[in-house]
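Per-chain residue numbering starts at 1, and chain names A, B and C are given in the order in which the chains are listed.
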Amino acid sequence: MKDTRIPLSLSDIANRLGARLEGDGERRISGLATLKDAGPEDITFLANRAYLKDLPGTRAAAVLLRPEDRDACPVTALVLDNPYLGYAELSRMLDPLINAQPSGVHATAVVAEDAVLGQDVSIGAQAVIESGVVLGDGVTIGPGSIVGADSQIGENSLLHANATVYHGVVVGKRAILHSGCVIGGDGFGFAHDGAGWRKIAQLGGVVLGDDVEVGSCSSIDRGALGDTVIGNDVKIDSQVQIAHNVHIGDHSALAGCVGIAGSTQVGRHCMLGGGVGLSGHLTICDGVQVTGMSLVTNSILEPGVYSSGTGAMENSQWRRNAVRFKQLDSIAKRVSRLERISGEKGDSGAS
Amino acid sequence: MKDTRIPLSLSDIANRLGARLEGDGERRISGLATLKDAGPEDITFLANRAYLKDLPGTRAAAVLLRPEDRDACPVTALVLDNPYLGYAELSRMLDPLINAQPSGVHATAVVAEDAVLGQDVSIGAQAVIESGVVLGDGVTIGPGSIVGADSQIGENSLLHANATVYHGVVVGKRAILHSGCVIGGDGFGFAHDGAGWRKIAQLGGVVLGDDVEVGSCSSIDRGALGDTVIGNDVKIDSQVQIAHNVHIGDHSALAGCVGIAGSTQVGRHCMLGGGVGLSGHLTICDGVQVTGMSLVTNSILEPGVYSSGTGAMENSQWRRNAVRFKQLDSIAKRVSRLERISGEKGDSGAS
Amino acid sequence: MKDTRIPLSLSDIANRLGARLEGDGERRISGLATLKDAGPEDITFLANRAYLKDLPGTRAAAVLLRPEDRDACPVTALVLDNPYLGYAELSRMLDPLINAQPSGVHATAVVAEDAVLGQDVSIGAQAVIESGVVLGDGVTIGPGSIVGADSQIGENSLLHANATVYHGVVVGKRAILHSGCVIGGDGFGFAHDGAGWRKIAQLGGVVLGDDVEVGSCSSIDRGALGDTVIGNDVKIDSQVQIAHNVHIGDHSALAGCVGIAGSTQVGRHCMLGGGVGLSGHLTICDGVQVTGMSLVTNSILEPGVYSSGTGAMENSQWRRNAVRFKQLDSIAKRVSRLERISGEKGDSGAS
């Protein structure tokens, strides 16, 4: 992890980002920081114009910014149309993890004799690679991580420390699996025999597409019959639960603490806010956004933004209103009766 | 994990399930699949009559079904009263994990000298069994799993990879603990000394009954004084938190992301939907069901189904309604005043 | 873990707690239990006067209690002003973990050559200490735990089994990190390029102050630029998610299943109930309490208690009310119209 990178020159950065350089291209930077925090060794960026006020006073060596903000920049500018995207690219150029050299198989790792390892595979201390596993070129398995029998990890994927992949799981290329995540645990399936529960063995697997990221301590359960399927470029935050036989479409993003119950299908380009819950056996179409902590109990067949719940308020006010919620049907009926008495028709006709 | 099972004959299956075989009992199947996905090597089942329409076109070798659906079945039928239960039994017959042979103690496992191991115990690579542990006959400890000092794991229990059991925990027979779950971490107990928090050491333990399953990344905290107790045949999904000194009655089931605060007692045969939260020090009687993401802040003393919250709706509609929620007490009072003016009595009398 | 403590005498306990002893100071106790469960070898406490009724019948050897309850105590009394705080101190005196002797570095642990270990450090079996790590005096690293490159763990901190600390994390003194927790995983940051997601490398770190506790399976993500910062004496329960660049002020406590989105700042002495969700980029001032499962989407600038949501009710009643919630804006407008017709002014004037 020792940072042995040579500082990047601003002209190198401009070239790699496709930005127009205005200023001293020979200058080298060693860090990336916010407009406010950046010092003379750092590059920064202006993507959200709410921070435009911080631009004139920046101490940074250079700023990534849009053409229209160029004139307000007191230092070297790297001009491009989407500075936030430029920031993303640059962050990866500076990431010691992404740029780490392969370190081979640690002496304490346990790798099954019949496991197949590609070129430039790294396997950390105390890791376990079980029988029949296939690790693609450039795969990195963190210390203490475990890959179960017959699973496949696609090329250039990275499992951080203490991640767990069960047997029979397929992970695509360039995946990032964070510590404590578990891919392929049993789905929650039981039949009731009148007295108690009988386990339904979960015979399916999990398939993750390419460019999937799974946050720390998240769970993706294996299918009962058939697989749980996560599409390409799906981004999953920490503390998320994805139940058996869920399908998530390409390019969708799930924020922290989301829970999705069994067999629900989420479309492409969906975004689920933190703590959202989806009931089982639903269909969520492409392009749906659900705001934080909403509960979705019915399928959503039109793209758009959906919400439930009520925002926080001062507790004594909340108590009064929450009690009234229990009377809401009664209140509605009383309003209808008053309308009948007054000869007035309600605007919804609901009673 | 290599699948070396001999395909099962349909007459074997019928015998083991107590089903009436109608068709070719010599035929052997190698898999189990849904009515829609099953191919000629597979057996399938019809439990939910919503799928009856898929029966005539099935490509399966055989179908588990009820007597009344027998005539619509184009292939060999295994007739029984509860095909879903039959499916559960059959799934376990086909499960490579359940049917795996004991593999002994891996050379890299660390097993304390005074640990007591029963017959046919398997301990995976990099696992740690601390001092004073007792593992019953047929116990399997997955790679990287850790069993803390003086804990006991009952016979035929299975800890998947990277599960953690603290010291002084008792796990019953036939438990299944999934990867990343943690049994026996400290309950959340602190006393405030006026300036800050003073830790209350959590001196109790955790007792899991027989036939308990705990999903991936779930936490069951140890008691402060006395134990946290999980009854027999309790099924716990992934991402669940059970706080100190909670008691869960036999045969209850907790779906993903449930959280139960300290000292709450949940009865027998309860079912908590995904994301349900129970406050501390409550009593929930036997036979209670709580629907997904409901918050329970008072004890429930009558069996039945309970709910809270509001379902998701289109965001602009939701915004209008959620704002009104903050006015709800005021609206209710205004309705009462209108009723007094009109000489009308409200149907609830609430004001 | 073998309990080799010599039983404590009541006069020793009284001295260490600063309590006034009334009764037999020579008597020795070996355990601590509730008023109801305590037997003749145990000491107990009366902090919540709801349990005063159990005092006369106690079988305990001695009771910690307030001066005003002394006369009702049938056995030896240890009298002090805050018996709950006394219980907390005593619990730690009896905790075998806190009082364990250092055990050195286990033969199977992997410790980088350049890691710096203080005095009396213990490192468990299968643990991994990467390059550049600094472990302070008295640090204990549980079996299977991993400390990433260049991270620092302050003196007398305890990582339980299978905890994970990424690279570049700073943990203060006397921290307790429970099993399955993950400190320093990537924050959830992506830029959209029009077609899909581009990862924003998370270049910041995590800084935990002194006396921080983190529960099992909780996640604290590293900063994108700059650090995620957890203040001194912050207590975090199990299953909590703290996103990148969140700051939590000193002495705050977060109950189980809390989720805090990116860049939100929580003040000092705050208390977040179980399952609370805070949106990103908020400011929560000092002294705020939020009740269980509330959603906070706006900053809170006044100390106090805040809530959202609605409590659980019987499902058929709930269904009727939840449907009406979707009509709430319409109902409010109908009430306003009725008020205009009747010549009555609503008490809020809202329409």
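Annotations for the structure displayed:
Convention: a residue touches a chain if its C-beta (ideal position, glycine included) is under 8 Å from a C-beta of that chain, and two chains touch if they have at least 3 such contacts.
It should be emphasised that the depicted structure is a prediction, and the values quoted were computed from it without experimental measurement.
Judged by the touch criterion defined above, the protein chains are all mutually in contact, each touching every other. Because chain A and chain C share one sequence, their contact can be compared position by position; here under half of the interface residue numbers appear on both sides. Its C-alpha atoms fitted onto chain B, chain A is found rotated by 120°, rounded in steps of 5.
With centres set at the average Cα position, the gap from chain A to chain C is 25 Å.
Among the residues of chain B, those in touch with two or more other chains are 108, 126, 144, 162, 180, 217, 239, 257, 275, 309-311, 313, 325, 327-328, 331, 335, 338, 342. On chain C, the positions that touch chain B within their shared complex are 1-2, 31-34, 37, 82, 84-85, 87-89, 91-92, 94-98, 106, 108, 124-126, 142-144, 160-162, 176, 178-180, 211, 213, 215-217, 232-233, 235, 237-239, 250-251, 253, 255-257, 274-275, 292-293, 309-316, 318-319, 322, 325-329, 331-332, 335, 338-339, 342, 344, 346-348, 350. Here chain C touches chain A in the complex through residues 108, 110, 126, 128, 130-132, 144, 146, 148-150, 162, 164, 166-168, 180-182, 185-186, 188-193, 195-203, 217-219, 221, 224-226, 239-241, 243, 257, 259, 261, 275, 277, 279, 290-291, 294-298, 300, 304-311, 313, 317, 320-321, 323-325, 327-328, 330-331, 333-335, 337-338, 341-342, going by the rule given at the top.
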